[in-house]
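Chain nomenclature is as follows: A, B, C, D and E, assigned in order of appearance, with residue numbering initiated at 1 for each chain independently.
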Amino acid sequence: MLINCVAYQDGRKLADIPVEDISDYVARPECFVWVALRDAEQHELLKMQEEFGLHELAVEDASRGHQRPKIEEYGDSLFVVVKMAALELDELVIGEVDIFVGQNYVLSSRQNSEQGFLGVRARAEREPQLLQQGPAFVLYALMDAVVDRYFPIVDAMETELEAIEERIFIRGSQRNNIERLYALKRKVMTLRHAVAPLLDAIGKLHGGRVPAVCQNTQEYFRDVHDHLHRITASLDTIRDTIGTAIQVNLSMVALEEGEVNKRLAAWAAIFAVLTAFAGIWGMNFKNMPELDWRFGYPLALSAMASVSFYLYRRFRRAGWL
Amino acid sequence: MLINCVAYQDGRKLADIPVEDISDYVARPECFVWVALRDAEQHELLKMQEEFGLHELAVEDASRGHQRPKIEEYGDSLFVVVKMAALELDELVIGEVDIFVGQNYVLSSRQNSEQGFLGVRARAEREPQLLQQGPAFVLYALMDAVVDRYFPIVDAMETELEAIEERIFIRGSQRNNIERLYALKRKVMTLRHAVAPLLDAIGKLHGGRVPAVCQNTQEYFRDVHDHLHRITASLDTIRDTIGTAIQVNLSMVALEEGEVNKRLAAWAAIFAVLTAFAGIWGMNFKNMPELDWRFGYPLALSAMASVSFYLYRRFRRAGWL
Amino acid sequence: MLINCVAYQDGRKLADIPVEDISDYVARPECFVWVALRDAEQHELLKMQEEFGLHELAVEDASRGHQRPKIEEYGDSLFVVVKMAALELDELVIGEVDIFVGQNYVLSSRQNSEQGFLGVRARAEREPQLLQQGPAFVLYALMDAVVDRYFPIVDAMETELEAIEERIFIRGSQRNNIERLYALKRKVMTLRHAVAPLLDAIGKLHGGRVPAVCQNTQEYFRDVHDHLHRITASLDTIRDTIGTAIQVNLSMVALEEGEVNKRLAAWAAIFAVLTAFAGIWGMNFKNMPELDWRFGYPLALSAMASVSFYLYRRFRRAGWL
Amino acid sequence: MLINCVAYQDGRKLADIPVEDISDYVARPECFVWVALRDAEQHELLKMQEEFGLHELAVEDASRGHQRPKIEEYGDSLFVVVKMAALELDELVIGEVDIFVGQNYVLSSRQNSEQGFLGVRARAEREPQLLQQGPAFVLYALMDAVVDRYFPIVDAMETELEAIEERIFIRGSQRNNIERLYALKRKVMTLRHAVAPLLDAIGKLHGGRVPAVCQNTQEYFRDVHDHLHRITASLDTIRDTIGTAIQVNLSMVALEEGEVNKRLAAWAAIFAVLTAFAGIWGMNFKNMPELDWRFGYPLALSAMASVSFYLYRRFRRAGWL
Amino acid sequence: MLINCVAYQDGRKLADIPVEDISDYVARPECFVWVALRDAEQHELLKMQEEFGLHELAVEDASRGHQRPKIEEYGDSLFVVVKMAALELDELVIGEVDIFVGQNYVLSSRQNSEQGFLGVRARAEREPQLLQQGPAFVLYALMDAVVDRYFPIVDAMETELEAIEERIFIRGSQRNNIERLYALKRKVMTLRHAVAPLLDAIGKLHGGRVPAVCQNTQEYFRDVHDHLHRITASLDTIRDTIGTAIQVNLSMVALEEGEVNKRLAAWAAIFAVLTAFAGIWGMNFKNMPELDWRFGYPLALSAMASVSFYLYRRFRRAGWL
């Protein structure tokens, strides 16, 4: 589905143009064309391939989807795949944006994502001095928007982790904790999978040999690179902490089990003693003088109660009860 | 066993040729020869070595089999080993394809695999403009076919992992889970073993110094490289997740044991109390007035029942029962 | 909030200057300006950007805060982000200093930290021969001050770890130990997160290609680099040791549980034997001669006591009690 | 102990020569000398040092033994240390071969190993066209022989691992499994220790800058390198699998313990119920009508039996018994 | 404290010289000065700085101590920090040697270590042809001495590990094992911390670009490098094995606990059966014919004994007792 198809000149919008005219505008070196697609169908991509002269393999990747994040050079043009992440109902939804960048065009094709880039376009159009820098700046703006949307997700993960941590030493919450830790781990891995390859790829857009099209915007890409660095570092810290928390969880489970065992042992001891006493006075020996005492029974009961109480106190003090 | 032996010119099939004529065709720079063997015997390989002028060490590797995936240069020619993977009855079967590529020949020798490359040849013959690019394109097509067949296997592994994950927090399924996790881990390791070395090797076929024969097909090999990247990244994620799942499994085992212990403790307590009561009223003291009461026995029974019920309720509320 | 704004010439303080005059002094190649801000507000930073001609992206990073530690070149100038760490009430508080360094200016902007750099300025002013080396030396002095403040924190962590280790094999302290280990692990990770990226970054200021502004102070930065190396190596050792300690903790929990189980088993055995004896003599067989013996009862009691005592001794010797 | 001392020319054996003549033959550029020592004593090595003009440090290393596998250049000559591995009575025995290679000599000195290289020499002498390539080919042949002997050991390890895996989920075999896993892990680590450093070292003998003496045999060394790669990859896979198996073992131990606990709980419950019933009818209330029933006793017994049977069935169905 | 201060010429000792004359001798290119300090005080170091013209930062590092092992170039001179390790009463004591090396001087400053270098000096003086190579050879000799002293420590660690391993599967030794494993792990980490950074540093003294002063002694430093490699590889193997041993320990603890549980379960079962029997015959039913049998009681006792014995035998056979 075509979202926008606009030609720009000197940083300003020239016109919304029909798809058929794209190749004409691309042929004019002084202007550039910025097209946005969403959930593009095969025939739309083929049309774009024709208008922009895109490389067959790049188009094939884009139409198949499910690529790794990457930045590939095809001659003078770039093919960029980035992953969009969104939290929907506590689920992590991963979308994909494929961006084709040439000397005077940008084509973005978004799949499986509710989040659009209208805000990016609007902001870019408001600042002509930036848009003047051409397609590379648009690429930067798109990537920056995608990467900026990772931050609240990482924050949510950190918040979730902290929420779990607050309960990690609380008795009886271990089953719930381990379930949440596992779910969080999965989300972290999914996001990392979507983010980490981009970190390597974007290093190619600043410092060292840089594709011609990005020559003048290196500092912008270094900034995006830096943001990605922060995100992967945060994800790695979360991952490491989850690992420790899972180990701690196991210790806590074992500790709680030990506490239950101790309590069990204590009560068992108290009742075992009671039963033994009762058993003794329940024996049928002829000659058991205390059985004939007048206050034998109450004395026996109070003896049993005293011993129980004494044991109870001792176990209590030892922390078993 | 010889499967095919065909000479091509200008991207079109010239003829099926007898093995003896191979060296004649190879001597003609304008055409190339594509031979496919299956479970080749020693003498067949030696014949090929003679016709194509293959390097002794490469032929030795091919005849021995069980090589690591690799791409080796012998002068102008390449020797490529890739592993084929197939799931047969839930077992991972690893086969091997050895490919010799020269300026105007391709020789593929497949071992221990049911999966052939007839489809690859048919497709290549349908698209002469691609086949025109010569042996490097055939190499690409073969490798692409092999790598494409990894994807459904990785998908099956992810599906299996998800199936396990759905049962990971379910009581009583821990023994089964750990068995399945272990089996899956083994399969992942086997596939990784077959795939990962190729990732490094294929990096030599694009970017940097590239063997002459692959000079013009770099972008195709980058594409294969990228697919391999996705596969190893997925395998690493599965492996990491299995590791976490195994740890979680242990926690779950401990938790379930703790629950059993608690239940045991609760029932033991109830019966210990009952037995203690019965023991007390079973004592033989002369002077135990309640024994003589008319409704002493039913009162005693109902007292015991009440206490049991009270304990039952308390344990129930505490989640022990 | 502006803390200081001073111009220096030949290593000596020229004058406190008003913010508006900064650009005049910066224009004079023979002197340099050193400005210190604290918790700067947006308009202060914009003013500084104007006076010093700072790069937009750097100022944006500084005004947003929460950057990774990094050292970035913008043309001839450097933008440096370092993290300050302080222990407050056993909590690790992470602050940030953003430093802009040009040919003849240094601007430091401190956020979320109680620790100032007045001491650094005072020391620098006392040693004109060092200050003469210009902005790079000031950058070194600031970074050195920040890094030096990491050492007592790492020391405190090592002390805490040793305190835990002294209790690691002590019975009954496992719950407390695991809580402290986890808290310590968190602190270590937080500090590592704040320190490690700087290690890579600072490598760019000595050896190899070095930004022009730091050309003559490479040995100083190598020294800071070396200190950072020590800190990260110590943190890694602490982290590794915590990991082992957590594993050991789990073994200790299991061991202690085993000991409780053994004690439980021993007492249960003793009372089970007692109860069995009492049960036997409580049977109602007509013909149980020992019941009619004169000293039957005391004999029975002493038999029961003897058996209990014998079992007690055996369990004691076996280390179960 | 001197095993062989032979001079070769044009790939053919010239003569067995006495040790004293070595330096004469070494001085003749058209022939080369191949000497083999076994468990050489100090004076033998010193004699060799003199005849061949070996470097002092290399001879010192060789006489001390217990070096890491390595390949060192001393001017035009190479000093190579490789480890030989053999399984003797299920124990891994590590020997050492020190090889000195110069323009026209090879000296191999074998220590602590029963495995000789007579086969290598015989094969080399049978193929003059290979031996013509000189000392580098001999070095290759020796290393190839050493590396080939690693394969059956790795195979034996894999077989042992598979044997353990077949028993890993079998009840009651956990103690034995963990012992075998630990022993296997030790062997794997020992072999890895002996093999892995060679992997890095041998990379210096092909590709990139290669010592002059090995210039024409690069493809052979690449082949050895590749074999080493397979071996270390296999060892890493075994190691990784052992790690997982140890974790699984722990889960299995916990699971089996849980099963024992459940069985214990079930039987305890059945007997606790029995005892409670008996206790109730053993109470001494005057007015317990069922005691006076004619069939009270058999009814009581069958009630107890029924309850026990019912519980037994329920536990059975729940999988506790 | 000054230990030695000697001038050498042509590899031979010239004279013990007073500290004040050092700068005179250093000024004479044909001789070199070798000074050894021990636990040097600030003023001694400052004196040395003056005589030798040492770099301020290096002297500061040396006077502070607690540096990481490192090798730093200051112009033509080197500043080397190595760690000395000694086992004293089973405790690992880490000392430090700071070595300053110039074109014609060596200054070593030893701290916190009982081990001196008199042997190194004596040996060097006995071999003038080596000492002739100048300061670099002295540096080599000192480092070689330090590194050689690591070997017995690593051997002691391996011996300790083997001692633990012999007890790792022995019942009842798990608490002791885990304590020893943890203590050993700590020692390994401490030594690794002291050794590993040197490994990287010493790589700068051979191969590639080498400081001028060490140009002719590269092979010696490569030898030291190699020894360090062996040490760190051994430490890594020990560390890895300790990790596995700790995991195995946990399995053993769980296994032993399981065995205790089984024994407990078996005895509990036997006595529960006894008690149930006694309880049944202790019931007060009127009509219990066996109670009136003449040999009822002995029959009952032998029935109970038989059942107990039968259970005992079964448990025994099942390995529970």
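The criterion applied here is as follows: a contact is a pair of C-beta atoms (placed from the backbone, for glycine too) under 8 Å apart; a residue touches a chain by one contact, two chains touch by 3 or more.
Since this is a predicted model, take the numbers as computed values, not measurements.
Fewest steps needed to get from subunit C to subunit D, stepping only to touching chains, is 2. Among the remaining chains, those touching subunit B as well as subunit C are A. Following the contact convention of this document, no chain is adjacent to both subunit A and subunit C.
Centre-to-centre separation of subunit B and subunit D, using mean CA positions: 25 Å. With touch defined as above, residues shared between interfaces to two or more other chains in subunit E number as follows: 247, 250, 254, 257, 261, 264, 268, 272, 275, 279, 282-284, 288. Beginning the circuit at subunit A and passing next to subunit B, one meets the chains round the ring in the sequence A, B, D, E, C. Put simply, subunit E touches subunit D in their complex at residues 165, 168-169, 219-220, 222-223, 226, 229-230, 233-234, 237, 240-241, 244-245, 247-248, 250-252, 254-255, 257-258, 261-262, 264-265, 268-269, 272-273, 275-276, 279-280, 282-288, 319. Subunit A meets subunit B in the complex at residues 55, 57, 61, 66-68, 70, 72, 74, 172, 174-175, 178-179, 181-182, 185-186, 189, 193, 197, 243, 246-247, 249-250, 253-254, 256-257, 260-261, 263-264, 267-268, 271-272, 274-275, 277-279, 281-284, 288, 290-297, 300-301, 304.
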